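Okay, so here's the structure we're looking at.
Chain lettering (A, B and C) follows the sequence in which the chains are written, and residue indices restart at 1 in each chain.
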Amino acid sequence: MSMKIQADRLAPWAAYLLVGVGALIMLAPFYFMFVFATHSRTEIFSLPPPLFFGDDFLTNLTILTERIPFWRNLGWSLYVALASTALTLLFCSLGGYAFALFEFRFKKLLFGLVMATLLLPSFMNMIPTFMIMDVLGWIDQPRALYIPGAASAFGIFLMRQFVAASIPRDLIEAARMDGCGEIGIYTRIVLPLLKPALGTLGLITFIASWNNFIGPLIVMRSPEMYTLPLALRSLQSPVNTEWGALMAGSAIATLPLIILFILSSRQLISGLTTGAVK
Amino acid sequence: MWLEGQRYFSCGALALAVMIGLMQADALARQTLTVAAFPAVDEIVKAAIPVWKRSHPEVDIKVVSRQFGDHHIAMTTALSTSFHLPDIMALEVGYVGRFAQGGGLEDLSRPPFGISQHVNHYVPYAVQQATSRKGTIIAVPTDVGPGTLLYRADLLARSGVSEAELTRSWDSYVAAGAKIKASTGAYLLAHARDMKDIVIRTGIQPGEGLYFDSRSQVLVTSPRFVRAFELARQIRQKRLDAKVLAWSNEWSEGFKRGSIATQMSGAWLSGHLSNWLAPSTRGLWRAAQLPENAFAAFGGTFFAIAKGAPAANKPLAWEFIRLMTLNREVQLNAFKSQDAFPALLETYNDPFFDQTIAFLGGQKARQVWREAARHINAVTVHKQDAFAEEVINTELDKVLDRGKDIRVALADAERLLKQRALR
Amino acid sequence: MMIPTARRISPTWAPYLFISPFLILFAVFGVFPLAFSLYLAFQTWEPTSGLAAMQYVGVDNFAFALRDEWFWKSLKNTAWLAVASGLPQHLVAIPLAYFIHSSFTRLRNGVVGAYFMPYITSTVAIAILFSSLFSTDYGLINIGLQAMCQVPVLGWFMPQDPTDWLGQPENIKPAIAIIVFWRYVGFNVVLYLAALQTIPKDIYEAATMDGASRMQQFWHITLPSLKPMIFFGVTLSVIGGLQLFEEPFILTGGRGGSDQAGMTTAIYLYRMAFDFNDFGAASAMSWLLFIVVAILTWLTNRAFRPRGPSA
């Protein structure tokens, strides 16, 4: 009996310890990314690698801004990621809501189509996508990066699962009985209830757009129009890469993502949603 | 400016009008050539722009740089659709052979280009590499990678091994490696695969390719492969290779610590060793010809013009390529700043070749590389070369790591390659 | 505040309106690439010669793909990696999300943030660090193992020679699986945490009043409520796992590793197209992979379908 009580008391502490150690392992490479950003490529390519911050950050930054229009690339990345996130949240919440709570003809077939778009490896689409973009005159246009993926299968699927789990059909029926229009139901009932899901999808969409390099590789034909991943990659060659500059650029590039995570984590994990479902 | 009042306004407006007028006139006369490249060719092109501007002040050069692989994918995509092709594209030698199989690049021996009158100015093997089986020349060499053996003179001295012992034959190379390992603990080379890559390139009969002959017959069971595999196995069994791949941090650390005694590579490697891979080993390295008088190329860069590129720009593009590849100053600058070994033979008598290199202990190593560049022979390429290389590497891994019999391994490779040879 | 009746959309048409963005974008950007790659699967093509260079070869590419040893090998590698990296992600992420949800208050965002960071860490940094850890002669792991060799008793169980982690085919797959797990477990934690928000608090309160332990609450309240999100997460892992590309590509320098032990089907497809210049076969293989992924996604769907009142 006393053994059991002891185990009960110890178990949570063991769990906290485990989660804490796990968190450190998760963070380690992230820390090293910033450490590497402050070292020369000679030091980065040493073993063991540098464990603490060095003083080459400014040198790295200088090389970086000399070789590529870094701040401009960063600006385009922000613009594309924000536009892409806004459009995705709108289109996917609409689509997910429709697939979760409406009955309509061809629903299964259409949802199958949505899922099918997830299944083909994206680089097989490079040549035909390039042809479409040329026909549309979208080469070197940022819209070529945020419009095509805005109704992503991933987002629609995520929203459908969320709506199905958290919004009861009765609630929608009741609103209809009260004379609320379909768009009103979506904006005033569905959207507020989807906040955690919108936070999640927004975060993931932003990151996906931020890290996307196949898209810009297809459509961007001028270095000053590159988004960050393509620009940073353009520093890499098989034999002569400015690793220090590359790490500095990569580290700076994650800062907006961290800020975004902090902002969206309020939406995401701000405690339990209260009462709306009742 | 806004606050300075009315009286400046008309003046300003006039100036603005003139400026706009000038800009328009300028825009009409101005032309832009787009050069698609990858590092460090992008830097070399940018550095040549001032020289170009001297003769063509009205033609701007726009450099579009991408990561090495990204660049070649983007060029493949553009060639496949003929959309948005650059006026000039840089190509790495591995892609030159591959792109030569297709019909997307201009034959530069035909007018308005006429490379034929210049071919004697370039290192012969590089021109061969750009020549397709039909005799068309689809690219112009700008830099080449003559291969030599870099070795650590200090480690050799400590183990009483002479340079001649190291390079007399492949067998003496392996024997020297055993001595070096015994007395200094250093590995002979980074990976047994590196040696295999050179040995399979020695003794290729005229008309033969590396893996296939001109009739797509598979050659991987020939004696040069057997010998390459046997030598590589000896290296592994005697634990003479560090089992690290080039351009990893283990590789660079091996150089810093002096635990890798030799490295077969293009001339450009000593520059990278000196600049960042292992600057602390200054003075300890030397360059020698590859063992058994093997001559091989490590990389090389070319410029090409796509058939689908804007026709109006092609004469200018051709002029720009000639500047990049035939101008002594541009070629030597690229050599000095980026270690891009010139493809232009006229540079080879420059005093720069006779200067000593401090990183290589005061050796006049450029003479060694020059010698190598003149002896290299181009190998006929085959569509499946990239796949064949992968298959051979895989079978070599099985021989080295799992003790697979060499004849069985090469027979397996031959069987796989036969399936592909005619695809 | 009511929308005027004239502009009202009937519930019959509303869903079509709501999914119309997807349909339009799919019609513009999705249909042609699919048709193109299906068409290409029946052609042989030297892409640098232009579109006109395609030649019809019937089902040759499919026949070739099905007889190609390396294609089968890549499928086996992919299956192995998908299971070994996918399954643990969910087995860890679900309890972890529940634990964070129920036991952390002030530190919660920090802990979630820590687990999420691998998802945004630059892959270049990961690659450099990874080879630093696993290096045979200088790697931290082997240095650690060598140090343990010095300890009596324990030393008997330790390898005497430094282990070649990344050169040996049998070590590559576990190494990749660990990295994939590390990279995406936090992503799944975030998904599950968001789903946990939607479970009303009063259900737990009622259960606590009834004397249900936390373990019981987890099994009987949390897990069933998470089911739609588990379905989502598992489906994504199936699809993502079978298209695994980036991590093995970076960790094996783009070649797939010794004996192609880390060569996934997606890597092989990529190399077939861009390294080995065989777009036709690559297209055929991508459609074969498509079929495999579609079947497995459908099976996942079946597994999560409600099975009558007992489920």
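Simple rule for what comes next: a residue touches a chain if its C-beta (ideal position, glycine included) is under 8 Å from a C-beta of that chain, and two chains touch if they have at least 3 such contacts.
Just so it is clear, the model here is predicted, and its values are computed rather than measured.
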Q) Among line, ring, star, complete and other, which best matches the way these chains touch? A) complete
Q: Between B-C and A-C, flag the pair that has more C-beta pairs in contact.
A: A-C
Q. Quick one: chain B and chain C, Cα centre-to-centre, how many Å?
A. 36
Q. Just how far, in Å, is the C-alpha centre of chain C from the one of chain A?
A. 15
Q. Touching two or more other chains, which residues of chain A qualify?
A. 44-45, 47, 49, 127, 131
Q | Residues of chain B whose C-beta touches two or more other chains | A | 73, 77, 80-81, 249-250, 253
**Q.** Contacts with 2+ other chains: residues of chain C
**A.** 47, 128, 132, 135, 138-139, 274
Q: Using the touch rule from the top, collect the residues of chain C that touch chain B in their complex.
A: 44, 46-51, 53, 64, 67-70, 128, 131-132, 135-139, 164, 167-169, 253-255, 258-260, 271, 274-278, 281
Q. In the complex of these two chains, what residues of chain C are touching chain A?
A. 2-3, 7-12, 14-19, 21-23, 25-26, 28-30, 32-37, 47, 96, 99-101, 103, 108-109, 111-122, 124-126, 128-129, 132, 135, 138-140, 182, 185-187, 190-191, 193-195, 197-201, 225, 227-229, 231-232, 235-236, 239, 243, 245, 266, 269-270, 273-274, 282-283, 286, 289-290, 293-294, 297
Q | Residues on chain B engaged by chain C in the complex (per definition of touch) | A | 69, 72-73, 76-77, 79-82, 98-99, 101-105, 242-245, 248-250, 253-254, 259, 308, 383-384, 386-387, 390, 393-394, 397-398, 401, 416, 419, 423
Q | Contact footprint of chain B on chain A as seen in their complex | A | 40-42, 44-47, 49, 68, 126-127, 130-131, 134, 139, 213, 217-218, 221-223, 230, 233-241
Q | Touch list for chain B against partner chain A, complex | A | 38-40, 42, 62-68, 70, 73-74, 77-78, 80-81, 83-84, 247, 249-250, 252-253, 256, 268-269, 272, 276-279, 299, 338
